[in-house]
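Look for chain A in each of the two complexes below; its partner is chain B in the first and chain C in the second.
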Partner chain A sequence: MLHTVNKSPFDRNSLERCMRTCDKGSAILLIEDGVYGGIKGSVIEDKVKGAMKDVKIYALEADLDSRGIKGRVIDGIQLVDYNGFVDLTVEYDKVQSWL
Partner chain B sequence: MEEAGETKKIMYVNRKAPYGTIYALEALEVVLIGAAFEQDVYMMFLDDGVFQLKKEQDTKALGVKNFSPTYRALEMYDVEKIYVEKESMEVRGLTADDLIIPVEVKSNEEVTKMMTEMDVLLNF
Partner chain C sequence: MKFGIMVNEGPYTHQASDSAYNFVAAALEKGHEIYRIFFYHDGVNNGTRLTTPPQDDRNIVNRWSALAEKHEIDLVICVAAAQRRGIADADESKRNGKDADNIAPGFRISGLGQLLEASIQADRMVVFGD
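Showing the complex of A and B:
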């Protein structure tokens, strides 16, 4: 399953809820304010790295760029453009959007 | 002297990240319009609001206006009292060097004190 998270993890618990609940082998795509979850040096960095042992984490490049944090992304998070977003929705059978 | 000439201490409290919601841009517009009224303006950035000031914002691919350079214009409008909470930056892995304009960094305790000294608090 592909999980999308579009809220800042410092404002809402959607990313933590998603990481706690998603199944092994699924993927998490950070979009909109959700991309702040991918920032290095934050208080949730360790939780995100922990989740990456079981799931792949992606972040939408346009949202990282606009927020000035593309150069600050945790190692191992893969960047995707809008076409890559579409590819992910095709690759995984279902999409769960944690709003 | 007319009473209308009274100057008030006004604090704009910014707590939202840019782009995800309209709050940050709206706050900036209100501050710039309000600057014409010659009030004693304080801008406070707390929580995700600190992300508004992050350097290197580039919105080309997103297709919306990058309003972050406008923070640099605040000085020309005599809005020079700009504060960022230390704890908010630390939680997010940021330091004052990551910000587009020079700011004064305040602790949560100092923020509390400043807020109590205001006449008006406007939240975005």
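Showing the complex of A and C:
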């Protein structure tokens, strides 16, 4: 399953809840303010790195870029454009949006 | 692949309308089909033709209408959410004794059954919202 998270982890706990409950082998795509969850050196970095042992984490490049944090992403998080977003929804059989 | 899309947030609020539009545009570009876009909750505000953003800003409503016309996409606004927020077509306006309607071209007003049907018919359902 592909999970999308669109809120900052410093605003809501949707990313943490998502990482806690998602199945091994699933993927999380950070979009909109959700991309703040992918930033290096934040208080949530260790939890994100921990989750990356079991799930792939992606971030939408345009949303990182518009927030000026494209160069500060945790190593191992893969950047995708909207085409990549579409491809992920095809690759995974279900899409769960954490709103 | 067939996509159903749900938009739960109004335009110019956060980013859901833009994200949904960009996703839909990319999916169409790749040759996928958009079975329906269902606008629910504050998302119904995506469908008022009275929207007048500044000239140097994107016109989110016109953008949906143009996309719907070009690709024959079914844009459905939830009737109960629309009534609460003052979004009406000619029939709804008359039925509720109002003096005007404001639905934008390409949109239609219907019920939650359309969301359910889209989620059954589509291979993937993607939700954008607040």
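In this section, the second predicted complex is superposed on the first by the 99 of 99 C-alpha atoms of A that agree within 3 Å, B and C clash if a C-alpha of one lies under 4 Å from a C-alpha of the other, contacts with A are read in each partner's own complex, and residues count from 1 in each chain.
Throughout what follows, a contact is a pair of C-beta atoms (placed from the backbone, for glycine too) under 8 Å apart; a residue touches a chain by one contact, two chains touch by 3 or more.
None of the values given here were measured: they were computed from a predicted structure.
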Which of chain B and chain C A:Val95 touches, first, second, both or neither: second
Touched partner set for A:Phe85, first chain B, second chain C, both or neither: second
Partner chain(s) touched by A:Ile69 [first = chain B, second = chain C, both, neither]: first
Partner chain(s) touched by A:Asp46 [first = chain B, second = chain C, both, neither]: neither
Which of chain B and chain C A:Glu61 touches, first, second, both or neither: first
Between chain B and chain C, more extensive residue contact with chain A: B
Which superposed partner A:Glu32 touches (first chain B, second chain C, both, neither): both
First, second, both or neither for A:Phe10, with chain B first and chain C second: first
Chain B/chain C common contact set on chain A: 6, 32-33, 62-63, 81
Sites on chain C touched by chain A in the complex: 1, 3, 8, 14-16, 19, 22-23, 25-27, 29-30, 32, 124-130
Residue numbers on chain A that touch chain B, as the complex places them: 6-8, 10-11, 32-33, 36, 39-43, 45, 61-63, 65-72, 81
Residues of chain B that touch chain A when the two form their complex: 16-21, 47-48, 51, 54-62, 64, 66, 68, 90-94
Complex interface listing, chain A residues touching chain C: 4, 6, 31-33, 62-63, 81-83, 85-87, 89-90, 94-95, 97, 99
